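Consider the two complexes below, in which chain A is the common component and chain B and chain C are the respective partners.
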Partner chain A sequence: MRRRLGFGVWLAAGWIGLVLLAALLADFLPFARYDETLAGPPQSGPSAAHPFGTDGLGRDVLSRVVYGARVSLGVGLGAVLLGLGVGAPLGILAGYRRRATDAVIMAVNDVAQAFPALVFALAVVAFAGANLRNVLIVLGVLGVPSWVRLIRGATLSFAEREFVLAARVLGTRDRRILWREILPNVAVPAASYAFIGMAVVVVAEGSLAFLGLSVQAPTPTWGGLINEGRTLMETAPHVVLAPSVVMFLTVLSFNLVGDRLRALTDVREIGLEPVRAPAALPLPTPTHPVRDTLLQVEELRTHFVTPRGVVKAVDGVSFTLDRGRTLAIVGESGSGKSMLIRSVLGLLPGTSIRGGHVYLSGDDLTAYGPAEMRPVLGRRLGTVFQDPMTALNPVRTIGTQVMEPLRVHLRMSRRQARAEAVELLASVGIPDPVRMLRRYPHQLSGGMRQRVTIAMALSCRPDVLFADEPTTALDVTIQAQVLRLLHRLRAERDMAVVLVSHDLSVVAQWADEVIVMYAGKVVERGPAAEVFARPRMPYTESLLQAAPRLTDPVHHRLRVIPGRPPDLAHLPAGCAFHARCPYARERCELEPPPLSEDHHHPYACWYPRPGTTAEQDVRTTGADSRGR
Partner chain B sequence: MIVLHRLARLLVVLVVVTFLSFVLLNLLPGDPVTQILGLSATEESRARLRQELGLDQPLLVRYLDWLGGLAGGDFGTSYITRMPVGAELAERLPVTLELLVAAQIVALGLAVPVGVAAARRAGRALDQALTALSFALLSTPVFVLGVLLILLFAVTWRVVPATGWTSLSVDLGWNLTSVVLPAVTLGCGQFAVYARLLRTDLIATLQEDYITLARARGLSPRRILWRHALRPSAITLITAVGLNLGALIGGTVIIETLFGLPGVGRLIVDSIFSRDYLTVQGGVVLISVGYVVVNFAVDLVYAAVDPRIRRA
Partner chain C sequence: MAGSGTAHLRPDDEVLLRVEDLVVEFPAGRGRTVRAVSGVSFDLARGETLGIVGESGCGKSSAARALVQLPPPRSGSVRLDGLELTALRGEALRRTRRRLQMIFQDPISSLNPRRRVRDIVGEGPRVWQLPGDRVDEVLEAVGLDPATAAERRPHEFSGGQCQRISIARALILDPEVVICDEPVSALDVSVQAQILGLLEDLKDRYRLTLVFIAHDLAVVKNVSDRILVMYLGKVCELAPSADLISRPAHPYTRALIASIPGGGGLDLPPADTLISGEPPSPVDPPSGCRFRTRCPRAAPRCATEEPHIRQVGDDHWLACHFPVKE
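Presenting the complex of A and B:
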């Protein structure tokens, strides 16, 4: 998306230009001089002759404001140039020759922060004399630390980048690097800060003038005009309002231009671009019977409307699941597994469109609003995420977090919830659960944290547990423990489990049924043992081969699926896997293969594998670990 | 150990700052002797007064002398008023502190609900309105805002007095009416900064896994925002409040002038005008100590807000 400056910035730039022009040409403009008394009747309001009215001595306020702009803008320009002139070389030097200067800069920074700058400015101007030169120098010098910090920061971020490092390694001379590589890149932040610095200096000069410590009367300054106007506030408010409004607009304009310039270069901008909700056209779903099962997902789709096109993250996935069963969803990263889970739970970002149906015991969850979904989410569907490090709130105790669903959904008292939490933590194998309640997540190991998130997911005795890569972030020895725990809990609580993983060997031992996903679609499904023993789709076969096995010889070459997952916004014609498939033929590039009609073990492939490759292997390891 | 290290570092900062300001103030043209005796005084009487005030000593000796006194809690005696500087500061400090606290209450009282509401609906109308408003407030010099508020509330509607100060010990009601307008003036600009900071951090926090999981547990958006997301998002805000408080102890001079409040800022400015070095110097100490104290307080608050920062 191209970034645009926007209308407001041009308006702001126009205002700055206008004020600047007026200040330059003040002597030629058709109004009374700023010090001409009785140019009109004293304290008269705005009129054709005096657009901003007159002050207590009958002086033209417009004229005084325009002449005041000379001081404000003059001091602003001078101080910014002074700050830039001194601060930029120092900043570049500090950023480029980092080690020696870092300590110095930190120390100076500390002192500068504790040093009362305003007192310093006041004292210097008061003692040395309130005139244009002194005000300009003081404000310029006070701005130097900010300039050094800014330029140093900008230089640092470029001095570490590849092209500069490359130039250094190639032996390019420092001066050349500075001029050719760094300076052009520092220029934009510097320009942006020049505008913001103008705003800061104009306000600072105004403050000094307000206290009577800037250019002295009869020369008008904005701050001085506002200070004078205060005394007439009761009878002639326009005298104080006119300079106030002009000053406000000018400072606003400088800030606006500076801010937009900065935004042009800032790639980290979060959430500042307005997010437009897409037209929520529900995706069509063919009619289908509602079956008598715990969880039935029909033709579920999740699409994202992006500037690059429609991303079909989940595209027509269906499955059913009964109590006491485990369904595994496998596929490589980006195949839509996690998005499928979030889609079932209705936890999608605002920019997505969902289609299809999700039935829980025959009730269509896709027809539920957020408020109706909450009791379902809390009590009937449990969720465990991949990374236990980020799944727990870092600032709340384990106890608070485990007790929360119990208190909110089951309306337990604090005491009841506490007792229940202790029992839950014990049931997931956490030693000393009473003490655990008072701990914070960062005090726990990854495996312990995942046990806690499982305890939380199970707290309201859900019917279905969704486990999205529950062991991927854990180390191998812990993985088996956690999976065994999930398996045991499934049996104890008679739940259904949806287990998502990219690792086929993990789910092989624990799943009853498997769905293999690629590019948002189901490409193969069937009973777990069957799919592992006889994968038909070449993609499934590659997934099986990509999983490292304990039986592999040492220094065995790790097999990976060649190529990259397809761009979901621009899927290739034909089979989405054809570009990476070693068995692809011409037909694969032209026609997308449908999921075959075989109810037992369907697959989407024109040239399926005979499916015997991994049989021996998986059967032995599977049986082996199950027995352990 | 870390605490001691930090304390030592801040003490060094304190010494450097006071030394710099001491030297600067004395290097600047202007002389308390002239200020007291006038331009027509004889050289003899000038020399006598100089000796009496200790101004005949070298700069470094005077500084060390003063620093020694400060260590014992003695801020010195004003050259001009011949009053102890410490007593003068103690009299003015409560006014400035009350103003600061009231301003922070105004700023945070507005910023937290507005920031949370804007983050919750990022990019929507309220959020955009906040962006525009905060931009406008940030571009309004404090004396311009103050003048406008006085014009509206004191001159046009006459709900509060325009200027003047009633001490808290005299009358609570009058005290509150005299602090409300200055506090709102000072608080508005900070409200804008705080609300923006909180909004940005909250938007980042709301992307976290633990927030999605909280939604997956069927918790209400309100509960998630206030109980789950607010605290982890508050660190930057706390830093900003701390820095502000530190910076403002000497930075309220404009407000105090505009509203006629007898605070520390006003005292410093008046002392600058009358070349009352030691009183200015006392003000500088107050500001630097304020910075140090606030820095410490902020560290303590960090630990209270985020358990990861607590030491095991």
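Presenting the complex of A and C:
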């Protein structure tokens, strides 16, 4: 996956290349030497012969800026290499060896970093003499502590990874592990920091030169040029302006390229936010009657336009849901199950296009803008996600977070909200809720955090609770507690629950109805008990037989579904499952099977399973394929 | 048990790997210690698969890493075919490492993103300077096409394929014991079935002895000959798989089974009557039986006296003062 660098970065890199090239080839460029006086009339503005004009002694400013780049960039490069050369080995050692080595290196490093850097530089240069070598060494040494810190951090983060552990288990020697496993991974952050370091050093050298503490005249440096030009500010501003602008652009470019390189290595998720102005016209939807039910989803579609093509994450899903019922959505990763509920909630990345309708008690939510959607999301639709930390703010107490929706949406007073929060926390089975109000999320276990997010989701008495893999991150015994809690609350509050899960046994136990998704489409739907006992669509059947069950005999061969789910940007013609389906025939490759008309238990398949008990099927397939 | 003891260990000449009184501890800051594994013993006969099951914090992964001495345990013994691994240092330890290999949970972070599959899988032979190139052979054995897979990098593969690459890397050194730490819990159901089947095939083909660690009892039962149940750094129960699931005697094992939807076909009381509350911190584990804070059968004796492992049936062992008899 190649991410785009962006136009600005190419421009910045181009500028750096240009300055570098000019500095290297300065001797061959067709202009006067930097120290040739009266190359033109003194203090003259830009002209064809002197594009940047001339200074007080009639020297060519362009030439001086270009030669100045030699010093500035030379010092920058040298100092960065020096810092890297000393800092990287120390950082790698500290990060990889840890313990005592780490403690000693980092203690010394912290002391070094506590030195006032510029004062130190001034003192040393003033004492040892202002020349290129001294400036370079001082700036290089000053950079070492930051290099140590950066490289140690990067090393640590990779040394923890399993591939390093695996290498050690293989018997790889430490030196080879550092060289082959860690170094290549640390190189990218190091490269990005090198650019930023260049910017820092160029500025620092400029400051020193401005104070006359860098390379001495007549050799020009950017800081020195700015200093010289200072006195001519009124009569010939270009003398100051030219080196300033060049230096500014160079520093900016280094920072830009460095930042962008770092962003490339950062793996961040796409932020989810309520759909803003639609990116394109919504997808067309056929007309349909609006039913008298709590939640009605009609032909919902969510597509993403990507460079690889249109990804049909959700492709024409319809269902209805009444109060007091639990609807489960099952499927494997990439089946579109999570995208489906995000689509219902309108929580999609800005790059998506949505089509179809979502009615909540008859109100069409797809017609709502973000501002109208916000109160609906807080009050009528509650959400619980897999990772409770995404819903909790780590720096605020549980109390403030549970009380917030009560105060904002229900306009309760502080006291009322507090009392209600205590009650809510008690209702989700949190012992000692009054004390809990003052605690922070990190002080709680995963199970307790998930209970808190459930309490928050329920605070405004939503009509529908959407739970996306609510217990996947929890331990089995805690999972059972949380699911039982959801079940109880559903009855107590007469709400509907939409439960997204990959775990078929969870779904079988807690859901009334189930939707099976494959490649963005519903492939089977019906009462949970019936779908699991008598699946009609082959994918559902395979999924059931692929999941191990406690009641299966030991070493029982699970059913294997060959191949992989199709690419959502290039769906095959016909049935999306045909390449993996053992019952596929010619028609399956040509015509996509529609969802059957049967309202009770529809399925999408040309050659459905007989609908006898899956139990028997499992046994026979199991016995056959074991074969040993 | 949450108890200790070694009564369940078999004679030395019958086993390939023998772990005795394993103790793993880490500093937890502010002078405190995480007691991750506290006196756990088990053994594996050649060709056997031992499943280790338990919830997060039970010490199963710490125990796995202590087996390969990464890091070495605080105390206890790990003997591979009579060779005491905890006594080995430096080069001698490195030489025995290849006899024990590991497969990890996270298929993505198990593979170096900057190396090609051929280099990742071929690393072992290169380190050991083994003659011949077996990369293609093992890639084929794990169901990958060497022609298309070997030159690519990990990010071009799905989670299940990455896990196959990890398995190939472990297999290429012809290890005797492979320790699988939650190898399928990050995978989809259908992919999980593929990997479980693959592990069973490879076990036959390469005559492997497996330690299979997972939190999902159904998965563990599917591949294991015997199952060891752990809770908070201690052993609870050990029995042949079918026996453990059909006749669980330890209160914690019963709670674990009852928490699984369907309850394993057993007629167990609802899970909330078999277990309550949350696991205590391994920094400050309860006295006596470590399960007592959540156990419905706990009695005063459980707080003062740690239960020891004893035999309750044919190769069925457990550590509890008041086990459930049926």
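Note that the second predicted complex is superposed on the first by the 324 of 628 C-alpha atoms of A that agree within 3 Å, B and C clash if a C-alpha of one lies under 4 Å from a C-alpha of the other, contacts with A are read in each partner's own complex, and residues count from 1 in each chain.
The definition used in the following text is that a contact is a pair of C-beta atoms (placed from the backbone, for glycine too) under 8 Å apart; a residue touches a chain by one contact, two chains touch by 3 or more.
Just so you know, these numbers come straight off a predicted model, no measurement behind them.
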| item | value |
| --- | --- |
| Greater residue coverage of chain A in the superposed arrangement, chain B or chain C | B |
| Which superposed partner A:R176 touches (first chain B, second chain C, both, neither) | second |
| Contacts of A:V506 with chain B and chain C, given as first, second, both or neither | second |
| Touched partner set for A:T390, first chain B, second chain C, both or neither | first |
| Touched partner set for A:V111, first chain B, second chain C, both or neither | first |
| Partner chain(s) touched by A:A426 [first = chain B, second = chain C, both, neither] | neither |
| Common interface positions of chain A, toward chain B and toward chain C | none |
| Chain C to chain A touching residues, read off their complex | 55-56, 65, 68, 70, 94-95, 97-98, 100-102, 104-106, 109-115, 120, 123-124, 127-128, 155, 158, 160, 166, 169-170, 173, 188-194, 196-197, 200, 215-219, 221-225, 241-242, 245, 255-265, 271-272, 275, 278-279 |
| Chain C partner contacts - residues on chain A that touch it in the complex | 1, 161-163, 165-173, 176, 180-181, 184-185, 332-333, 445, 447-448, 475-481, 484, 502, 504-506, 508-510, 542-543, 546-561, 564 |
| Interface residues, chain B side, partner chain A - complex | 9, 13-14, 16-17, 20-21, 24-25, 28-30, 122-124, 128, 131, 135-136, 138-144, 147-148, 150-151, 155, 200, 203-204, 208-210, 212-221, 223, 227-228, 231-232, 243, 246-247, 250-251, 253-254, 257-258, 268-269, 272-273, 275, 280, 283-284, 287-288, 291-292, 305-308 |
| Partner chain B, residues of chain A touching it in the complex | 110-111, 113-116, 118-120, 122-124, 126-128, 199, 203, 206-207, 210-211, 223, 226-227, 229-230, 233-234, 237, 240-241, 244, 247-248, 251-252, 255-256, 259, 270-276, 342, 345, 347, 370, 373-379, 381, 383, 385, 387, 390-396, 404-405, 408-409, 440, 442, 453, 456-457 |
